[in-house]
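There are two complexes below, and they share chain A, which is joined by chain B in the first and by chain C in the second.
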Partner chain A sequence: MNLLDKLLIVSGLAFIAITALRNYRINDKLSPLWYLALTAILVLMSGVAYENTTIVSGLHYQILGFKLNWQFDSLSWFFAIITVVAALASSIFMSGDWARYYREKGGNYGMLQVALIANVLSMFLLLASSDLLTLFIGWEFVSWASFFMMILRPTSEAKKAAVKYAIYAMTGAMALLAAMVVIYTAGGSFEFKAVSIAFQGVSFLGQVILVVLLFAGFAIKMGLLPFHLWQAIAYAETPGPGAAFLGAISSRMGLFAIVLVIIKLVGLSNLAEMKFGANSINMQNIIAWIAALTTIIPTYIALQQHDAKRLLAWHGVGQGGYMLLGIMMFDSIGSAGGLMHVLNHASYQAALFLTVVAVVYRTGTSDLNRLGGLVTQMPLSFLVMLIGIIGLAGLPPMNGFVSKWMVYRSLLVNGQPLLFVAAVLGTLGTILSVYKLIHNTFLGQLRMEHREVREAPWSMMAPMLGLSVIVFITGFMPGLIMPWIASVQESVGLPAVEYTLGGIAFAKGGLDMIWVSGILFYGFGVGAVIFYLLGGKSKRVHQFDNYAGGHFLSSDVRYHYSNNFYPGLMHLIGTWYRGSFKWFEGVLVSIVSFISALFENMYRSRQPVILLVAVVLAGLYVVYKNYAGVVS
Partner chain B sequence: MNYSELLAELFLMPLVAFVVGLLMVLMMRKISARLQRRIGPPFFQPIYDIIKLYGKDTQISHGLIHDIGIVMAVGGYIGAELLLPVPGMDGIADKGGIITLSYFLMIPSLGMALGVGQCANPNGSIGISRALTAMLAYDIPFILIVFGAAWHYESTSLVGMLEYQQTHQWGIVEMPLLAIAGLFALQGMLGKQPFEIYIAPAEIATGPMVEMSGKYMGGLFVMQSFQLYTAGVLYASLFLGGGTTWLELLPKAFFVVAIPMSIAFMFPRYKTEDVVRLMWKWPVMLALISLAFIL
Partner chain C sequence: MNKMILLIALPLLAAFLIPVVAKFSATVSRLLGPVVLAFVLVFVALQWNVVGRDSFAIFLGGFLPPVGIVFYVDHFSLMFSAIIAAMLLVVWPWGQYTAIRQQSLYMLLAASSFGLVLSSDLFNLYVFYELLAVATYGLVANQPHKAAPAAALRYLFVSCAGSVMLLIGIGIIYTITGTLNIAHLATMIGKLHGLAGLSAFILIVVGAGVKAEMFPVNSWVPEVYGTSSKSLSALLAGLISKLAVVLILRVLLMLFQVDVVLDLLLVVGILGVLSGEMVAWRAKDVTRMLSFSSIAQLGLVFVALSLSGTIGLWLAVGLMLHHLLVKGGLFLLADSMPGSFNSLKGLARRSPILGAIFLIFIFSLLGIPPFPGFWIKLMLVINLAQQDDVLYQIAIGVVLFATVIEASYLFKLVRIMYQKNDENIIKPPQTSTSGMNLLYAKFFALIVVVSMPFVSPISDRLKDMSRQSVNAENYIETIMSQPKLGGQS
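Up next is the complex of A and B:
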């Protein structure tokens, strides 16, 4: 029994155990141990990433004459370690006081635990897929596991979002299934290598259709444009730590599949040679532009949100664009940046979501217009959110900067000014939006009802702080995780990045984060010396003791500047997105419901006619088939 | 680079930047005074101002983040100074690069935003909302300039860019349109008219500075001198060939910084959305045309 067998068996056992014990309190404290065990197994498996080998599981299953088995390579391992660490953080977070709180609010805590392990197990199955059939089965498991987690909150909005997701997911699955049929017909099997055989076998149009079907199927999961509407609301409505887990990694399964199928199996050269419009644009450019627009549009939707969870969830959609954009540059730096951003995003996104959940735990709301001034009450949570937003905004010295830097560097090397501006536009929008998040939550006026609020309990603080340490360390020494990324690149046929402990070795301008962080902290140090050692001693004053143009401020005056935070910008760009995508979605929904109503009506009222038509058509077909030759 | 050099650079680069920055502040005040037919402040006035602000009795702090905001605002620029290659000192600058530098330039804005946010004064927050929107406005042309320069000089390292210009021609000769777009971005970055709504010096009660007293204001004053130095030297390095000696570099940097102040009084003040509109239209258009020539 090798390590992959153990991984799958332990996660299966964990699923069974957590499901069986879901109504017992002992499960609360026990479940993080399962994730710890899974993490340990993955760490033991790290040879897969460092030496770039493949482990084939001894487990297999026979279905309809197809033998299903599973394997792990560096790509699978990379996504699996992120998954399991995100799950570990979420499960520790929810194991203590949060569980009690959730039960008191009437939530079914046991089912949340089951949903989490179901997600992890299904993701392992997907990541371990060794042919198209196991990929598809894993894909379906992942979709339904996310759906399961999304419907746990019994509000109508959550259900609506979850059902919307299910419809999107089914559409994606249909696209994937259609692509598999094409591959099976043209390539002869469901083996991964059948994809390239099928690719040679079909016409140019067939190739395009194949790529579009595969890409659309995976893009739906990732929330890429124009399929971005489902994700943010569905994730934001998922109960607390579940949202952190989904936001951190769930939608990245789409990226995993894109890297596996589109990059590795279809191949870079095939994509680059798929040219349209008198060879002016190829498939690579098209996907890169989809990625770039995905960074911009959801980010500026996030800017408009006034609910902290939705704001973060929309950013999650937007950051997915950076990952794909980097990978679509097909070079060593860009694709390394894109892949590294998966890990980076998971770390800060989980930290940020958990912080928001901690704030909700203490104050009861994530509405950005009903918070404020919490930094004095929850200083550690503030610190975690600060580290998280610096990561999300991609500023030095956090890890988000490293991966975004690589994407920018690659866009520069490849001479893509417009994509570069698109990426920067996304980053700037993110800075504006995350400042609004931290300002409206932790800065400004503290509301009267929050004056007794205390710091989140340690069961919540520990995973939050742990994640922020990851955010900082991987930013300070990106070389710690670069070997994994280099192996992933090698295994999927991308050029491997040259790295150092501090960052990237690249002629004509590399990156050394140890220096960059050192310089920055030196600057802060000098700034602190200038501020604290020179000049008079400052006096702390109460928050009401400030300039109000001659008015007296008191606790009944709410003057926190929170609603419509960027009026100038909104005045300008607000008109640009009057929901054209929502309109498009609405049109599609109307068309589908119209057609289904039409069919239903036909079927019910004209059933004999349909039967007659069907019989006549079938008869005609038989006649044509048998006698066509005779007549001519 | 050995340790003594490193220590010398760590100490000297911010110091030089501070002194030069103070001189630039003085120059700007002199220019604006002469344009308004005044004599202007005496030579040591910027120093007096800093001493006065730091020495005030009333130093109002609204909490730890208020303090840290000022530290981040000043510290971010000190970090940026170390990444700017200057004559005789480019060891540290070699470790960074133009992309890192442009992100360092956003840190002071974020630091100031955090500090002001902690003050719990809506007037301050309004100022920050405007300041960040303005940053979104002028950073788009700025980033196009960064792209154009890095592409043209085939390097993201500022040291490499200077070497290129010293063997070829100055950037402004080879990329004139990009240099003009750079002037727009410079005007916005320094917050001079018509892009000064977020500072609005005449209406201090409705800007980010509303709760800044004593050394908090002094810290921002120090930050301003660093900012002027950074802008001047960066522009000179990107387009005017930098300098092999200080005598060559400093006149260029002073000249660059003098431009925004000299033309500032010709303009009214734009609303925030008009700042964005203008910045995303003309300089971006110029920069894109220039990129079309370069690429």
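Up next is the complex of A and C:
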């Protein structure tokens, strides 16, 4: 029994155990141990990443002449370790006080735990897929497991979002199924190598259809444009830590599949050579532009949100664009940036979501209009959010900066100034909206009803702090995780990045985060010395012992809102928010509705015999056309 | 094996005896039907191994083919006989003490169904088909719903028109060839593959298609299912529609494997899938939704039939069995659900087991792994993709698109069922059968779940069975070269 067998069996056992014990309190404390065990197995398996080997599981299943088996390579391992750490953090977070709180609110905590382990198990199965059929099965498992998690919240909005997701997921699955049968027909099997064979076998049109179907199937899961509408609401409506887990990793399964099937199997050269028209538009550019637009549009939708969870969830959609954009540059640093961003995003997104959930736990709301000034009450949570948003905005010294720097660098080196501008626009929107997030939650005016609020309990603080340590450490010394990324690049056929402990060794200008961070902290240090030692006397005053604009600020004067937060900016870009995609979605539904109404009318007809005669005549006519003259 | 005739004789006898016996002892008359059906089940199980790899034929009345009545017994017909008996037991009107007439009709239905799957002669097929139709008219018209007689009447009209078409088709075939024995016909296939022969086939398909819920002669479906009890709907949607397909199958497989016919079946199937799912999407109550979904599933069966030979039959039988389980189960489950969507709010919260069963059924219906429905859909799509004709590629697109539509309305229902609803709880109608039917639905769901690991062996069996049924030479030989009377080969 090798490590992969153990991983799958332990996660299966965990699923069974958690399901069986879901109504017992002992489960609350036991379930994090399962994730700890899974993490330990994955750490033992890290040879897969460092030495770039493949483990084939001994488990297999024969069905209808297809052999299903599972394997792990560095790509699978990279996504699996992120998954399991996100799950571990979420499960610790929800194991203590939060569980009590959730039960008191009438939630079914046992089911939430079942949903979490179901997600982890199904993701392992997907990541371990060894052919298209196991990929599809894993894919469906992941989709329905996350549907299960989304539907747990009883509000009708959550249910609507979940059902919308189910429809999108089904569309993606059917696109994938169609692509699978095209490959099966052309290549004769579901083996991964049949993809390349099939690709050579089909016509240009067939190739385009194949790539479009595969890409659309995977893009729906990732929430890439134009399939971005479902994700943010569905994730934001998932119960607390579940949202953190889904937001951190769930939609990245789409990226995993894109890297595996489209990058590794279809191949980079095939994408680049798939040219349209006389100009230099090829599939690579198209996908890169989809990625770039995904960084912009959802990010600016996030800017308009007034709910902390939705704001973060919309950023989750937007950040996916950076990952794909980097990978689509097909070079060493761009793709390394894209892949690293998966890990980085998972770490800060989970930290941010958990912080928001902690705030909700203490205050009861995630509405930014009803929060503010919590820094005095929840200083550690503030620190976690600060670290998280620096990461999300892609500023030094956090890990988000490293990955985004690599993507920018690659865009510039590859001569893509327009894409670069798009990426920068996205980052601008991110910075603006994360400032809105932290300002409206922790800074500004403390509301009267929040004066008694205390810091989140340690069961919640511990995973939050742990994640922020990851955000900082991987930003300070990216070299710690760079070997994994280099292995992934090698295994999927991308040029491997050259790295140092502090960052990237790159001929056209590398990056050393130890220096960058050092200088940054040196600057802060100098500032602090000037401020605290050389500055004049300072006095601490209470928040309400203050005045502005000739008025005393007291708690009954509310001056802290997230509505119309950037009036100047909105004056400039406000007219661009037209909801075109929503409109388009509505149009599709209307078309289906119209055609259905036509069919319904037909079924309502009161003269079915006439229909019968008509269909007989039509059938006879067809026969006559084909057989006129052939007399028996 | 002349004993095979018992399959028809016993239920027929029971059908006539039940009203008579009821005059003397209500208990005996109530038990008569189930006992006969149980006997049939046991009998079929015993016959299974006797048939083995070799099918056999029975000649009634001592007339050798091509004259006389011939029954053809193979695993395919045995399997359907067993399913008919089992399904009738499930929907048997146990609770209704007064429904003597209904019980008689059910037995009549049983006799004609067994006859239909065993006959290998067009005229007999027609007779049993008509008998079956008469039994269903009676059952549909007998429903307590106040619109039932009207629905039954309209069903009668269109069904009779279909029967006329069927009869004309059979007449044409007789005129061309001078025989109605299918095996005999199969020896002169050349004569049939002309304008007249194919026209006859079109008439047969459309005629039988009325009951097979074929597009577009299926407009009776929502109306009849809407007014019938859920048990009867389960029977009609689950079983009777399949029996009409069996009639088409016999003729299609042995006589009309012609491109133009297959293309027509494909077009009809595609339109059935598309229209069924799309109208189901607009439905506002459970029965109507299930009825149209049933139309779509039968469309899928026609799509499968358009693949020629063993593969087509194999897929069609797989789809039919799956649909029988799932849609039958859903109709039985619907007996515990109030009709309109609005009154379903929070149902699954109050009764989690009902919600779970519903989810199992719809997951399998949608074809989500690891449920059996996934493998059937996968095999169907793979085999469609291997055809060259562009029509088959369109079929793939339509089938997959229809699945998305299907998912959207089924999950809309799931959303409603899991919604929180504390006020205005509408109690589901407590019909006398709902408790029993819920139990059966649980049992059906259990079969769906248990069959998951056995998909491969089941599919192999079905493939063997299909190979046996499709083998025209074997069929002709078994029936035509019988030296002895009433014997077994």
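Going forward, the second predicted complex is superposed on the first by the 592 of 632 C-alpha atoms of A that agree within 3 Å, B and C clash if a C-alpha of one lies under 4 Å from a C-alpha of the other, contacts with A are read in each partner's own complex, and residues count from 1 in each chain.
Definition applied: a residue touches a chain if its C-beta (ideal position, glycine included) is under 8 Å from a C-beta of that chain, and two chains touch if they have at least 3 such contacts.
Just so we're clear, the structure is a prediction, and the values are computed from it rather than from any experiment.
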item: Partner chain in contact with A:Gly619 - chain B first, chain C second, else both or neither; value: second
item: Touching partner for A:Ile530 - first (chain B), second (chain C), both, neither; value: first
item: Which superposed partner A:Ala597 touches (first chain B, second chain C, both, neither); value: second
item: Contacts of A:Val211 with chain B and chain C, given as first, second, both or neither; value: neither
item: Touching partner for A:Phe565 - first (chain B), second (chain C), both, neither; value: first
item: Chain B versus chain C as contact partner of A:Leu428, first or second or both or neither; value: first
item: Partner chain(s) touched by A:Thr171 [first = chain B, second = chain C, both, neither]; value: second
item: Shared contact residues on chain A - chain B and chain C; value: none
item: Contact footprint of chain A on chain C as seen in their complex; value: 154, 157-158, 161-162, 165, 176, 190-199, 202-203, 205-206, 210, 216-220, 222, 260, 264, 274-275, 278-279, 281-282, 292, 363, 366, 368-370, 374-375, 378-379, 381-382, 384-386, 396-397, 400-401, 403-405, 407-408, 411-412, 414-415, 418-420, 455-456, 459
item: Chain A residues touching chain C - in the complex, by the definition given at the top; value: 62-65, 136-137, 140-141, 144, 151, 154-156, 159-160, 162-163, 166-167, 170-171, 174-175, 177-178, 181-182, 184-185, 592-593, 595-597, 599-600, 602-605, 608-609, 611-613, 615-616, 619-620, 622-624, 626-628, 630-632
item: Complex contact set, residues of chain B against chain A; value: 10, 14, 53-65, 67, 70-83, 92, 95-100, 103-104, 106-107, 110, 113-114, 117-123, 125-126, 128-130, 132-133, 135-136, 139-140, 143-144, 147-148, 150-151, 154-157, 160, 205, 210-211, 214-216, 218-219, 222, 271-273, 275-277, 288, 291, 295
item: Contact set on chain A toward chain B in their complex; value: 372-373, 375-376, 379, 382, 386, 390, 393-396, 401, 405, 408-409, 412, 415, 417, 420-421, 424-425, 428-429, 431-432, 435, 438-439, 443-446, 508-512, 515-516, 519-520, 522-528, 530-532, 534-541, 543, 545-549, 559-561, 565-569, 571-572
